[in-house]
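Structures given as C-alpha cells follow.
Look for subunit A in each of the two complexes below; its partner is subunit B in the first and subunit C in the second.
Let's turn to the complex of A and B:
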C-alpha cells in the first residue's frame, strides 16, 4: 500500500489519532505538574506520616509498569465498584506515573541548591516562607526545565497505553494496530505514526532547550 | 556533564531537613499535632480502601486462598523466568546497539554521525508499544515467521538502545578533555583514544545509569501478552481466567513488578554511592 493510498483511506484516523495523543498528553501533563507539586510538598513537609506516604507514592508509581497500572485502573477498579470511562483510565494512568517522576525531578531540583544557601538565608533572618519563595522554589524551577521537558515527552509516549483499551477516537499507536488488523499497512503505516511522535518530541525538546538556555543557572 | 563525577552528598544532611530550623517548644507542639492529624488522615484513607474491598466482596477467601498453593506460585515463577529471560536478552542487545550508536555518533565521520543521531532520536521518540506492534504485524506481513520471544525482545531492545546511546554519550562527555588532548599530543589515533582512554572511564561512569535503565526494559516487557509470550503478566492473565480472581491477582503481580524494579533501582543507587557517580536517566 502506497503512502497516498494509506493516507487516502486512513488519513482521517491518523489525524484524529494525533489529536487524541496531543490532547491526552496536554491534559495529563497539567495534572502531572499539579500532583507532582502536591507530592513534593508532602515529601518535604515536617509531618512524618505525610512524608512516608509521599515517598511510598513515588516508589510505587515509579516502579510499576504502565500496563500493569492501566489494567488495574481499567479492569480491576470496576470490580471495586469504581467505573471510569476508557479515556479517563488512560489519562489517570499517565498522571499517576508521570507525577511520581515529576516529584523526583522537583526533589533533585531542590537537592541541587545546597544546604549552605538555606543556612545562609536563615542567618540573614529570612523567614521559612521567604526562604522557599525567594531561594528554593525559583532555583528548583529553573533547574527542572530540562528534566520536565523530558517528562513531557515521556508522558506523550505513555499515552500509547491507550492502544490497550478500546478508546474512541484512538490515539496514534491504537490507529496503527487498527489499520494493520484491517489491511497490510506494512512499514509505512508505522512510519506515519512514528513521525507524529518523533516530530512532536522534537518540537517539545526544541522549546525546552530554548527555555532552559534562558533560565539555566550556571554553576 | 561534568556533574556526573560530582561525589554523592554526605549522608545525614538532606535538603529536606535543612529547610527547617531547629524547632522551639511551640513549633514542636504544632508538629506533633500535625503529625497526629496526618496519621489519622492516612489511617482513614487506608480504612476507606479496605472498606471498599470488603463491601465489594474482594476480601472473600476465594479470591486469596489460591495464593497459599504452591502451583500458583510455580506458574507465576515460570512467568517471572520468562520476564527475566526476555529482559536480559533485550538488555544485552540494547547495550551493544547503544554503544554502537554512540560510537557512530561521536566518530567524527559526518554521514555516519548523522545517521546514528537520527536513529537514536527515533528510538527515543517512539513509544515501545508502537515498536512491539511493528514486530507483531510487519514480519508476518512479509511472510517471516518470528518466535514471540524475539517479537518482544527486539522492540524492547531497540527502544532502550536509543536511551542507552545517550547515556553512553553523557559518560564519554564526562571524561576530562585534558586526557583526550594529552592522548592526541602523544600521537594516539582517534580509535585508540576512544578505546584505550575514553571508553574504559566512560563505562565506569555510567554503570549505575545502565542498571537503572534495566527498570525501563522490565517495564516494557509487560506488554508480552500482545505477542502472547508467557511472561509474568501473561501467566497471571491465565491464572485469572482459571481462578476468576482479577483484582487480587493483578494486585499481587503489580506488587511483584514494583519490588523487582525497586530492587534494581536500589542496586543502581548502591553502585552509584560506592563509586561516587551520579545516575543519569
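Let's turn to the complex of A and C:
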C-alpha cells in the first residue's frame, strides 16, 4: 500500500486520531500539572504524614510501566465496582504517571530557591500557604518550563497507550493498529502517525522555549 | 501587647532570658541574657562562630532555642502558628545575603508584606513603598528585578522591604558582610539614619566604626557567650576582658 492510497483510505482516521491525541494530551496535562503541584506541596509541607504520602505517590507512579498501570486501572478497578470508559482509563493512567514525574521536576525547581528567600518571607510574617503561593510555587514554575515542556511531550506519547484499548481505538497510535489490522500499512502506517507526533512535539518545544525565555528568573 | 502605666519602667522590646541552643553536640548559645530597650541600638560583635548570628536569628524564631525564654515587649515569643507569624511581622530582619524575592520587582518585594500580611490596598502599599525606596535611595530601581541591582542597592531595598512592615524593632544579621567595599557605606548610611530616627535595632556586624558611631551599647560574644557588654567608647577603648582585647587586636590594622 503506497502513501497516497494509505492517506486516501485512512486520511480521515489519521486526522481524527491526531485530534484525539491532542485533546487527550491537553486534558491529561492540565490534571498532570494540578496534581504535580498538589503532590509537591504535600512533599514540602510541615506535616510529616502528608510528606510521606506525597513521596509514596511519586515512588509508586514513577516506577510502574504505563501499560501495567493501564491494565490495573482498566481491569482491576472494576473489581472495586469502579468502571471507567476506555478513554478515561488511558487519561487517568497518563495523569498518574505524568504527575509523578511532574512533581520531581517541581521539586528540582523548588530546590533552586534559596532558603534565604523563604526565611525573608517568614520574617515578614507570611504564613506557610502564602509563602508557597507567592514565593515558592511561582519561582518553581518559572524555573521548570523546559522540563515541563519535556513532560508535556512525554504525556502526549503516553496517550499512545490508547492503542492498547480494545474495540475502536481513537488516538494516533490506535489508528495505526486499526489500519494494520485491516490492511498492510506496515512501517508506512507508523511513519504517518510519527509525523503527527514529531510535528506536535516540535511546536510544543518551540512554544516552551519561548515561554522559558520570557519567564526565566534573572539570578 | 503589654500596656504600661505612665512612669512605670519601660518593658524591653526584646528580652532573652537564659537562652541555650545546641547544634547537635555543639553548644552554640550559652545562657544568653540580654535586654533591648525601645529606641536602643545594640551592636553585637565577636569572632565568627561566636553565635552572634544565631542569637540574632532566635529573636524571630528563624532558629529555635533549646531552653530559656525570649520575650517581645514582655510577651513570650510564640512557638508556631498564627501568633508566631504575627510576631514576626512586627520584627524586621535584614540578612547578609539580602534575600530579595528573585522573581519580583523591587516594588513588589516591598509591597508583598504590607499587602499579604497587613491587608493593605495596592495603591497605598505602592505609594508607601515608593516613599521608602526613595528614602533608601533606590526609587529609580523600583521596577527592576533584584538581579539587576548592585549588592548595595539590593540591601537597601531589603531594608525598605523590612521597614514597610513598620516593625517595632529591626535585626540586622551582618548586613554589609556580602558587599563589595565601596558599597558598604551606602548601606551603613541608611542604617545610621534609621538609628537617628529612633528605630530599635540589633545589629550583628564587623563594622567597628559603625558600632562606635551609632551603638548605644556593644555586646561582645565569643564561644556562644556574652563575654562583655557596655557603651561603645568604654568597650573599644578599655575592653575589660582578655578575650575582647585579643579580638580587637586581631581586627586592628585591617
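Just so it is clear, the second predicted complex is superposed on the first by the 198 of 219 C-alpha atoms of A that agree within 3 Å, B and C clash if a C-alpha of one lies under 4 Å from a C-alpha of the other, contacts with A are read in each partner's own complex, and residues count from 1 in each chain.
Note that a contact is a pair of C-beta atoms (placed from the backbone, for glycine too) under 8 Å apart; a residue touches a chain by one contact, two chains touch by 3 or more.
On a predicted model such as this, the values are computed, not experimentally measured, just so you know.
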item	value
First (subunit B), second (subunit C), both or neither touched by A:122	both
Subunit A residues touched by each partner, larger count belonging to subunit B or subunit C	B
First (subunit B), second (subunit C), both or neither touched by A:134	second
Partner chain in contact with A:201 - subunit B first, subunit C second, else both or neither	first
First, second, both or neither for A:50, with subunit B first and subunit C second	first
Touching both subunit C and subunit B, counted on subunit A across the two superposed complexes	113-114, 119, 122
List of subunit A residues in touch with subunit B within their complex	43-44, 46-53, 59-60, 62-69, 71-72, 75-76, 79-82, 110-111, 113-115, 118-119, 122, 128, 131-132, 136, 150, 153, 157-158, 160-161, 163-164, 172-173, 176-177, 180, 184-187, 190, 193-194, 197-198, 201-202
Touching residues (chain side subunit B, partner subunit A) in the complex	9, 13-16, 18-21, 23, 31, 34-35, 37-39, 41-42, 52-53, 55-56, 58, 121-122, 124-130, 133-134, 137-138, 141-142, 215, 218-220, 222-223, 233, 246-247, 250-251, 253-254, 257-262, 265, 281
Subunit C partner contacts - residues on subunit A that touch it in the complex	113-114, 116-117, 119-127, 130, 134-135, 138-139, 142, 217-219
Contacting residues of subunit C [partner subunit A, same complex]	60, 62, 82, 85-93, 95, 97-103, 112-113, 116-117, 145-148, 158, 161-162, 165
